[in-house]
Amino acid sequence: MMNQILVGSRINYTVNSPTTFLLNISVAQNEHQSTTNESIEIYPYHKVEECAVGPLGNRLLRMTADPGELTIQYQATVELRASEVDSTDLCEVDYENLPADVLSFLNPSRYCESDKLYRFAGEEFGQLVPGYSRVTAICNWTYEHLTYTPGSTGPTTTACDVLLQRTGVCRDYAHVAISLCRAMGIPARYVSGYAVKLQPPDFHGFFEAYLSGEWFLFDATRLAPVGGFVRIGTGRDAADVAFATLRGDAQSTGMEVWANGQDANDHLLDPENVVTAVSSA
Amino acid sequence: MMNQILVGSRINYTVNSPTTFLLNISVAQNEHQSTTNESIEIYPYHKVEECAVGPLGNRLLRMTADPGELTIQYQATVELRASEVDSTDLCEVDYENLPADVLSFLNPSRYCESDKLYRFAGEEFGQLVPGYSRVTAICNWTYEHLTYTPGSTGPTTTACDVLLQRTGVCRDYAHVAISLCRAMGIPARYVSGYAVKLQPPDFHGFFEAYLSGEWFLFDATRLAPVGGFVRIGTGRDAADVAFATLRGDAQSTGMEVWANGQDANDHLLDPENVVTAVSSA
Amino acid sequence: MMNQILVGSRINYTVNSPTTFLLNISVAQNEHQSTTNESIEIYPYHKVEECAVGPLGNRLLRMTADPGELTIQYQATVELRASEVDSTDLCEVDYENLPADVLSFLNPSRYCESDKLYRFAGEEFGQLVPGYSRVTAICNWTYEHLTYTPGSTGPTTTACDVLLQRTGVCRDYAHVAISLCRAMGIPARYVSGYAVKLQPPDFHGFFEAYLSGEWFLFDATRLAPVGGFVRIGTGRDAADVAFATLRGDAQSTGMEVWANGQDANDHLLDPENVVTAVSSA
Amino acid sequence: MMNQILVGSRINYTVNSPTTFLLNISVAQNEHQSTTNESIEIYPYHKVEECAVGPLGNRLLRMTADPGELTIQYQATVELRASEVDSTDLCEVDYENLPADVLSFLNPSRYCESDKLYRFAGEEFGQLVPGYSRVTAICNWTYEHLTYTPGSTGPTTTACDVLLQRTGVCRDYAHVAISLCRAMGIPARYVSGYAVKLQPPDFHGFFEAYLSGEWFLFDATRLAPVGGFVRIGTGRDAADVAFATLRGDAQSTGMEVWANGQDANDHLLDPENVVTAVSSA
């Protein structure tokens, strides 16, 4: 399966004093996606350093901007090479067989307090058949119990907050599902990205669960087809993959994000396609 | 400087059903410490797998135990090769110059909600001279505002909880200091270890801050000299370096920990020695 | 309906320095229950002041004890005169018709954060027929989603904590049910009391909801029959009706509680009796 | 001392469906303040019920409005008859001597988790001389450690949240000070009101502490002179004295509040007057 997608983002700032920007908007590089025609443009010109972080393929851009108006534009053509697998074959991996580098994705993290939810998760999902379908059940529960409400949560909102208030945005849906997976013993991690067909266009947050020795993409929001997700960053939760972190004094004055599939008929972009699982990373 | 320390731990369990253990009690291997005569003994015999996790040098032991009484004993002789540096020369590193692999230690984590404490930290420590002395000021504040009370906190207690209740144990002191460092823009991470002269002998939790391009050890509890700390695990907070994680049904029935300095006169073990900083990892 | 119950409690303390005790262990006096043969005994003798608090009928005992061993024993024979009503006739009262002195029992309180649970409650109970059966549905939900686990919660645990951890004791069950009632617009308040057939015998915590112009007793724990509840204190939540509040230095060294129905065949003490509602206060 | 103040408020709503309003905007009636020329006007006309709640003198207005534009205007001329007392004579009352109806103002409440702050309060204020000056010290601490930032908190924000984030508005300042007073054993309660010289004009939130057998007004915000406070509602915290509670579907479209002292030279309105305490209710 191959799928070519044009993604990009443009962010405007008013910089009031010299400000260091750390941007995580570049498409990650791994065996499942590759980029051509990638560009990063800064108006007015500023030197940008690219630094890669860790084994997860995250690519950070860092620069220090002078006072004034600033525009940052990123663009790339991405080829996705996701494997399709029959999801009914995907199993949860026993604790004694989990690879060492996967274990940390069972730990609770800032916005995913899985350590508080063992009984909650066990009660709701403990009787289900382990495997891909159980992660899907967690996504369905999340979808059915939350209402998607822009502005209902903030930067310090956690999965536990959302489980009580029952409303949130994409990052909150991902945090809830990740927390419930970890509480069930299923490693799970947060992914930020571009998403074809997301309305309105924006950066997106979703997650991966570890099954049968690979990471598979999930999205409890049902806002866009998983087959059209282009990975930017991977982390424990949203704390690890902020699109922009600033030190200094600057305000964002506008943002535009786009992600256009070149092959509109690609069946992986069909939201009804729930039979095949999409592997990643 | 060289310093030889005999460390070890013995943990007893009653195992009720087959239980998988993940143990993080082995001494980490890095350029600042090396082990000789290392042994891990399991009574009755069970096969143990050692798996190394990530670039931080953590070493995990994993095994699945049969029902019955179980004893796990670890022992090693450790040579510490900490550098001593004049702490007055140690600087905070500007955000634009922090190495990519250090950046994640500025992020909030499960037990260190630094994202909620920017104003708190800025108010208390924002006027101080940056550098080693500011991290020391954070340790002093933590020491002076908390009371060390065994049993006053539990596995889900966070730095924010402790800042309100003003009492905790070593892991809580570390979480508070780490959170305040991160909120000030100073990368900080949690370290578990053995500690010479700790009374009563136990595993210990302390932390590291990143200054002048290296990680330096700190301990806000003042319970044992930093020069006698032997590193076991390094992580974002205690969630990453639990001594034992169990899946199954087993109860701990006893634990013994020891850490004996071979050279009692080593000046790094002198608690009054606050002039020199001890680098690590 | 008349029902005679012998209730009592004996609490032992070691008093280390002069300590003021505020005790809320006396049976409340209202039109639905009256006492005979009531006694309060203090060994060794101390003068006790009884002060009544507010319109809810709570009776507080206050005394200042000298250092030494102290025993406090309360006993009374209580006649319950609960009305029995066909629960199918009981309605929720419209907001515009609630009496002024009932309105405050819609407000969130320390352990009942109903203001965080509007959507949660609406989602789970919003489609149900209003009235007694909806409060019963809230009790059933609470019973089915929590596990009764002595020691799983503490004095600062709130309804929101319990909704996440899914475990608690009687006071926590009451707090959860009260919070969900208030979030649905049903006034609800906490009641402490003696309870016939409670095993092991102890003080009990339950709650009341306001329906059709009266307060009706409910207990989400199903640990004892509502018809055998003898009211001690009424309040917004457990913060208002602590059995003992101490200022000074004393430790509790033992406690015994009893509540024996004189007429074991009373049908109100039949736990299967769920057709009739029991009014109160 | 007598002081005449003209207070009022005008609130506009767009009512989308029949909505029941509970308004707590009328001036409380007690021995320290009396009203003349009081009026409540509703445009278009709706019948309003006034219901008095409890012994605290709160006066609630209740009405059910039809869809359409709605304006509610309240106005009164108030005579304040506050006593002035030399604050150096005001003592904290021993626990054993507190009147029964004052005891509940030592309990923790929804936004004032004093039960979590015993050690915090003891550490910061435990060494101070008891009395009026200790409550003043609590106000000063609150003023010095918080930053007044409109919009920084919301309806579910508690004193503990504010103690960590160190920012809030008048209700948050009051909640923090109340919590710290209660944690020190000093009864404290929340007061809403009109405030002369408050800029910009708005409803105000402050608090009272119980000293020497009376309630005295305090305001940790220093935004307006205590001598110009006109009481509306009294409660455990802001949960009890919301200006408007709505059931239905209506949006507030504007609000105006005024409070004008008739005697600008009244020395109680002088913010520099910190020698005399102002008693209340």
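When the chains are written out, they are named A, B, C and D in that same order, and each has its own residue count from 1.
Following the convention adopted for this analysis, contacts are C-beta pairs under 8 Å (C-beta built on N, C-alpha and C of every residue); 3 or more make two chains touch, one makes a residue touch a chain.
Labels paired with UniProt names: A, B, C, D = Transglutaminase-like domain-containing protein.
Values in this document were obtained by computation on a predicted structure and should not be read as measured data.
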Shortest walk length in steps over touching chains, chain B through to chain C: 2
Between chain B and chain A, distance of the C-alpha-averaged centres to the nearest whole Å: 31
Chain A and chain C: spacing of chain centres that average the CA atoms, whole Å: 47
Gap in Å, rounded to a whole number, between the CA centres of chain D and chain A: 45
Sites on chain B at which at least two other chains make contact: 116
Overall pattern in which the protein chains touch one another (line/ring/star/complete/other): ring
Every chain pair meeting the contact rule: A-B, A-C, B-D, C-D
Of all residues in chain A, those that touch chain C in their complex: 116-117, 119-120, 123, 145, 147, 160, 163-167
Residue ranges of chain A touching chain B (in the complex, touch as defined): 20, 22, 51-54, 60, 62, 64, 94-96, 99-101, 103-104, 107-110, 112-113, 115-116, 155-156, 185, 235-236, 239-240, 247
